[in-house]
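All chains are identified by letter, namely A, B and C, in their written order; residue positions are counted from 1 within each chain.
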Amino acid sequence: MTGTAERALAGLGIELPTPAAPIANYVGFVRSGRLLFVSGQLCLVDGKPVATGKLGAEVSVEQGQEAARVCAINILAQVKAALGDLDKVIRVVRLCGYVAAAPSFLDCPKVVNGASDLMVEVFGEKGRHARTAFGVAVLPGDAAVEVDAIFEVA
Amino acid sequence: MTGTAERALAGLGIELPTPAAPIANYVGFVRSGRLLFVSGQLCLVDGKPVATGKLGAEVSVEQGQEAARVCAINILAQVKAALGDLDKVIRVVRLCGYVAAAPSFLDCPKVVNGASDLMVEVFGEKGRHARTAFGVAVLPGDAAVEVDAIFEVA
Amino acid sequence: MTGTAERALAGLGIELPTPAAPIANYVGFVRSGRLLFVSGQLCLVDGKPVATGKLGAEVSVEQGQEAARVCAINILAQVKAALGDLDKVIRVVRLCGYVAAAPSFLDCPKVVNGASDLMVEVFGEKGRHARTAFGVAVLPGDAAVEVDAIFEVA
């Protein structure tokens, strides 16, 4: 029997990717008590960024939103690897959205909504989270967006 | 009977604003166990930034400190909304201060002290917190400062 | 009798510095339950940055890695001050690596590996952590790298 979040994900037509194997001395997630900390996830599909460059320059708000959604999908892939079942998530506690941005770009929150919206599409009310969003100088591999997360888990 | 933190706030002549209603799929705070995570709060009064632009360019250190204090007031407004009573705070655990800064600006800690100082003015010793401060490329709406926080609560 | 982490540290020839005294209303660490939050630690030795400027400009990847390792040593000094004994660490939960970077610098993860690697050298498997790394506009005092951390402790 499949739970609510898993069904929501299927209804959205999203198949979670295999989370990238760690390539250094860090890992995709660490659980401590009821909190699950997920490492910063870039907007990668098959190992390549779906958007590179800076918001306010080469990357449009719409492209940034899609990139943030991809980050969120990669976060969910880590959660699935950690818990085996997304329905063990009690609450999305916090997202932090890192937007590679020109110093004149003012709409980081709109971009990060691409990640926030997916959390609510998948988890409903328990997908609503605390959030911080801001513009960074540059992200790994010139990716346009990175997002990390904290979950409360059963 | 009013508790210590509430009295300290009144003594400082600070009236907490109504926290901004969430305008997207995130919320102002999430509690998980004894930890309260507060979303990044901009230096907004009545919905408008008290300082816009970059430290090291349009914004002075003094203006930045005042902006950080406004962020901290907005954080306390979220805590009040979450707990009903600031005296349910056991400890200010961590602040993170995001300063919109020109790449040549070296004094982010001085700016963020505007937020740290208010926490100690309101909570005394239990207001002392772990902290990270750094210069970001740009903040939402060109605000000069953003601060988020984690509290331990009763 | 010295525990594993303390012996590993000695084997690496690392003597932990006295953590810098707080110069403002924040502190080096706060413990809440089983989580220990360590403030952002700059790449300081004897109060001076071992590398200043930006990655992708004045600072090489190798210099950045060494700077990140110094940040990690300063984190361990805070943990030692907090717990008295590094072997009370159950798990390194999360590191966040802040790299002062030119907007064209793509290798922040390589830089932050300098901190991640030390955690695994000292703590072994329990040193593997969740991590986020990104490029910031500027760090306090023009330091090249800052790292903060969350530990699970006994």
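Assorted remarks:
Basically, a contact is a pair of C-beta atoms (placed from the backbone, for glycine too) under 8 Å apart; a residue touches a chain by one contact, two chains touch by 3 or more.
These numbers come from a predicted model, not from an experiment.
Taking only C-alpha atoms, you rotate subunit A by 120 degrees to land it on subunit B; that is to the nearest 5. Two copies of one sequence, subunit A and subunit C, touch each other mainly through non-matching residues, since under half of the numbers at the interface are common to both.
If each chain is reduced to the centroid of its CA atoms, subunit A and subunit C end up 25 Å from each other.
Those residues of subunit A in touch with two or more other chains are numbered 33, 35, 103, 136-137. Subunit A meets subunit C in the complex at residues 22, 24-30, 32-33, 35, 37-40, 54, 96, 98, 103, 136-142, 146, 148.
Subunit B contributes residues 33-35, 56, 91-95, 101-109, 113, 116-117, 119-120, 127-137, 150, 152 to its touches with subunit C in the complex.
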